[in-house]
Amino acid sequence: MSACTRDEWMTVAAARLLANDSVCFVGIGLPSAACNLARLTHAPEIVLIYESGTIGTRPDVLPLSIGDGELAETAACVVPLPEIFSFYLQAGRVDVGFLGAAQIDRFGNLNSTVIGPYELPSTRLPGAGGAPEIALHARQVFVMARATPRSFVEQLDFRSSAGYLDGHGARARTGAPGGGPRAVITDFGMLAPHPESEELQLVALFEGVTVDEARAAIGWPLLVADRLDTIAPPSAHELDTLRALNTRTREAHARPVHIPL
Amino acid sequence: MSCQHLQLAEAIELFVHDGASVALEGFTHLIPFAAGHEIIRQRKRDLHLIRMTPDLIYDQLIGMGCARILTFSWGGNPGVGSLHRLRDAVEHGWPRPLEIDEHSHAGMAAAFTAGASRLPFGVLRGYIGTDLPAHNPNIRRVACPFTGEALAAVPALNPDVTILHAQRADRAGNVAIDGIVGAAREAALAAKMLIVTVEEIVDALPPAMNAIVLPHWTVGAVVHCRGGAYPSYAQGHYARDNAFYQRWDAIARDRQRFLDWMDHHVLGTRDHRAFLASLQTEATA
Amino acid sequence: MSCQHLQLAEAIELFVHDGASVALEGFTHLIPFAAGHEIIRQRKRDLHLIRMTPDLIYDQLIGMGCARILTFSWGGNPGVGSLHRLRDAVEHGWPRPLEIDEHSHAGMAAAFTAGASRLPFGVLRGYIGTDLPAHNPNIRRVACPFTGEALAAVPALNPDVTILHAQRADRAGNVAIDGIVGAAREAALAAKMLIVTVEEIVDALPPAMNAIVLPHWTVGAVVHCRGGAYPSYAQGHYARDNAFYQRWDAIARDRQRFLDWMDHHVLGTRDHRAFLASLQTEATA
Amino acid sequence: MSACTRDEWMTVAAARLLANDSVCFVGIGLPSAACNLARLTHAPEIVLIYESGTIGTRPDVLPLSIGDGELAETAACVVPLPEIFSFYLQAGRVDVGFLGAAQIDRFGNLNSTVIGPYELPSTRLPGAGGAPEIALHARQVFVMARATPRSFVEQLDFRSSAGYLDGHGARARTGAPGGGPRAVITDFGMLAPHPESEELQLVALFEGVTVDEARAAIGWPLLVADRLDTIAPPSAHELDTLRALNTRTREAHARPVHIPL
């Protein structure tokens, strides 16, 4: 295996979490790469849903936007977006929802709305989009985020979507149907909620990464699980498949587009 | 209502009034850029802009000072990053303050669906554990009269005008849409007035049966406008210009560069064809 | 959930239990007659039958004593008149009393849609000025939290089992439906278990894009059953046998004649193919 | 013109009420014949919706059921039934709704549910179907019913759908969006609501029919409008078109159906 980037390792680590019979609600970026990598390796039958309304899509190249034509052309079907959110997500038909965020706290709550006060933010972020209800309804949520103390924070500026709220069963007491953030895949390894407190703790490290490196990247005092696993580097097959996918994607998106004059 | 065939400038002039609530829908696909540019050319003001995913065209409308309020659920440059004009309006009130009516996708989808159904509110199991309801009085609770469960409620969205872009219409004004539709159909049927720009006008639509068709009597005006979704795309006609979306990041980052660009390519062009030609010229220069 | 390919008798035996709530949907088109007959052959009891338009197949299920409750909105023989077995059960409790949960079409459509959305209730502006709410505790009011308007509410319908008939499925279990669908899609997605009988199983479904497809992972079981909707119809495969619907009026009018007919054609036949053959024999006799 | 039946005359009288730019919600039987006759004569652009989900349908022969394949094959589009009731009917997009009933009272309220008490009816009728919301939302409702004192009654056994309730503005006070039963087409002529009391009164008679014949057919003391119109018999063109339609329909439905063995 050649040396891989941390993004590649994160993508591979996330892909490995996906089962062949999973129904995944996919976001753009690393989650989309992870889901399609899973589909192209160990999970050929995985069902990918993008919120644009494309169900069971099998893109040959990664989409740049959530609504690329490639997603529609390779989908089992394309339905209006309100049906995606009511008949599929809210109906409890999604096994895995992928989310990212600008900020995440120790209970897996996410902020993608504002930095600073809501009414007069220092940074207005794009907003929650599909996240609040993905976080609510997916059987499990996987968060993918590169870790820095500015993004893994003690206190969110705004809670855009719910993780475990204040932990200790607070989420379940709201009646939230889904299981919440079961895994946070970062660029050093993985966090997962403690079974009782529901605080995110370190459960796995990329091979060769130290606990100290992980702690330095997290803005709260990071706890380490009783059992700490090691995440093996990408296999040659995983890495070849991912890189071929990324190469196809770059080539496809580099093709000049004809202005429709 | 009977459907008229109009030029784009006429349609905008007739139906988009200062202060109106306007939804330009289309989810990444079929975003009505040409219509948005025409609204900018006609210097409409105080609009209540509605759209799940304010895209570049809303960044432009906001940066040109057309908007007073924005109802939305995700305001970014898809696959690229921020909408800098939207940010500047919210963060610094430039060129004017922008009021925000912020939802989740599921909330807006429920609101458009309620609007299309002419119900006063939509219901969803949503927003639980988020700070959005605390900052938006348009997110309330309603109790199920059978189970007692408290659910989220959002007021129906019924835009004064919805504008879509679609692949084709027939001469009667029936509109056919292929591919990703997002909440376009619901936004269309929720509107008091529906304008659709289309790639082509045909004698007869392809066989429909269960395809997505907006019947002519739900359509107020049809405008023939080739390339009307560019730099977004029209499935079967042309692809999304991802490079343009990436270039936009640098253009929109700077107020003056943004104004210059709008001046040259939008205000300085007569219509969408001229807009496209101005980009073509730039590309080959 | 993963989709299984089963024989019809197996599917009914595995998934339709005494006392279950069962919706056989399809609006005039694609009514799953074969599945209904198999339920009768297996002498299921105490079913809560759900269907907007109880058709001949529900007349048969009711007349054979399979049903305890009926949720419905229009119970007639379309274009002909009454469902005599349904009438006999309501008017005279024969062969057993039938509890009635009666709605309007709009109310049932809202209930199925709520069920497919896993919301506890559906909302409509409906039932105003009618006597139905006074006789059905499942029709209540809910106040809009924005306008205060009182609207009608109905509890979601989530059948234990929904059974549809469709034109085709692929080997993975994706199901494609062409033509009139009624509330079939909503009833399917509202169900805890979905069984679909199909005219044909193909290697690959026709290109779908915006067509009506039930993804394989929403389908519990697919059953290959040619002619499974007869005497209803399957668009593109065979026409509705209107003459049969007319003949049914006389058959169902009389208890004994009904029982004899069911005995001969349904209980006396092994499967749907044998049922169709028995009608063929009769027709050519 | 050859002699026509009362059914034919009713059909023609109803057809004449329909404008070329109307959107009609059509029921099976006489309404379906009337709407298609209008389309084949003076209203070629009329939009016909059947509750089965077929929009803008132009059947060559009349459907026997509300969901005949002919309706789907000739439709501008076919949508799921819930959309017909929410996005079209409830949304106020229907100009004319056609209804029939087993019983109608003087305020145009309809019963298609039961004869006798609801809990133990002497006759269980098919039920309301789409009628309650058609009656509520259509801009105007046309009722087509052959009149007898048993069907045009002093007192309904059950109110399945609302006409003008108790009259004198009672309907409007409920907030019902549609205009209610603007015309009742019977086999002797037409009733319409009085502008103030909203009681159905005789407004037009088929040519040659007397007020006494009308009164005899109605189970309440029938009032006669200040202005009483005459409904001309079907023209040769109307009758030829209707009969040709009915002949085509009979022939089509008489074709033996192949049992799909």
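Chains here go by letter, A, B, C and D, matching the order in which they are written, and residues are numbered from 1 within each.
Going forward, contacts are C-beta pairs under 8 Å (C-beta built on N, C-alpha and C of every residue); 3 or more make two chains touch, one makes a residue touch a chain.
All values derive from a computational prediction rather than experimental measurement.
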Whole-Å gap between the CA centroids of chain B and chain D: 40
Chain centre separation in whole Å, for chain D relative to chain C (CA means): 27
Whole-Å gap separating chain A and chain D, where each centre is the average of the chain's CA atoms: 56
Junction residues of chain C, two or more chains touched: 118-119, 124-125, 149, 179, 181, 209-212
Per-residue overlap in chain D, given as positions that touch at least 2 other chains: 72-73, 78, 86, 90
Chain-level touch network, classified as line, ring, star, complete or other: other
Every chain pair meeting the contact rule: A-B, A-C, B-C, B-D, C-D
Residues of chain C defined as touching chain B within the complex: 118-121, 123-125, 138, 140-147, 149, 151, 153, 155, 177-179, 181, 209-212
Chain B partner contacts - residues on chain D that touch it in the complex: 21, 23, 45, 47, 55-56, 72-73, 75-79, 86-87, 90-93
In the complex, chain B residues that touch chain D: 2, 116-119, 172, 174, 189, 208-213, 215, 217-218
Contacting residues of chain C [partner chain D, same complex]: 27-29, 52-53, 72-76, 78-79, 82-83, 86-87, 90-91, 102, 104-107, 109-110, 112-113, 124-132, 135, 149, 179-186, 212, 226-227, 230-231, 233-235, 237-245, 273, 276-277, 279-280, 283
Residues of chain A touching chain B in the complex: 28-29, 51-54, 63-69, 71-73, 78, 80-82, 85-86, 89-90, 109, 113, 118-133, 135-137, 158-162, 165, 171, 174-177, 253, 256-261
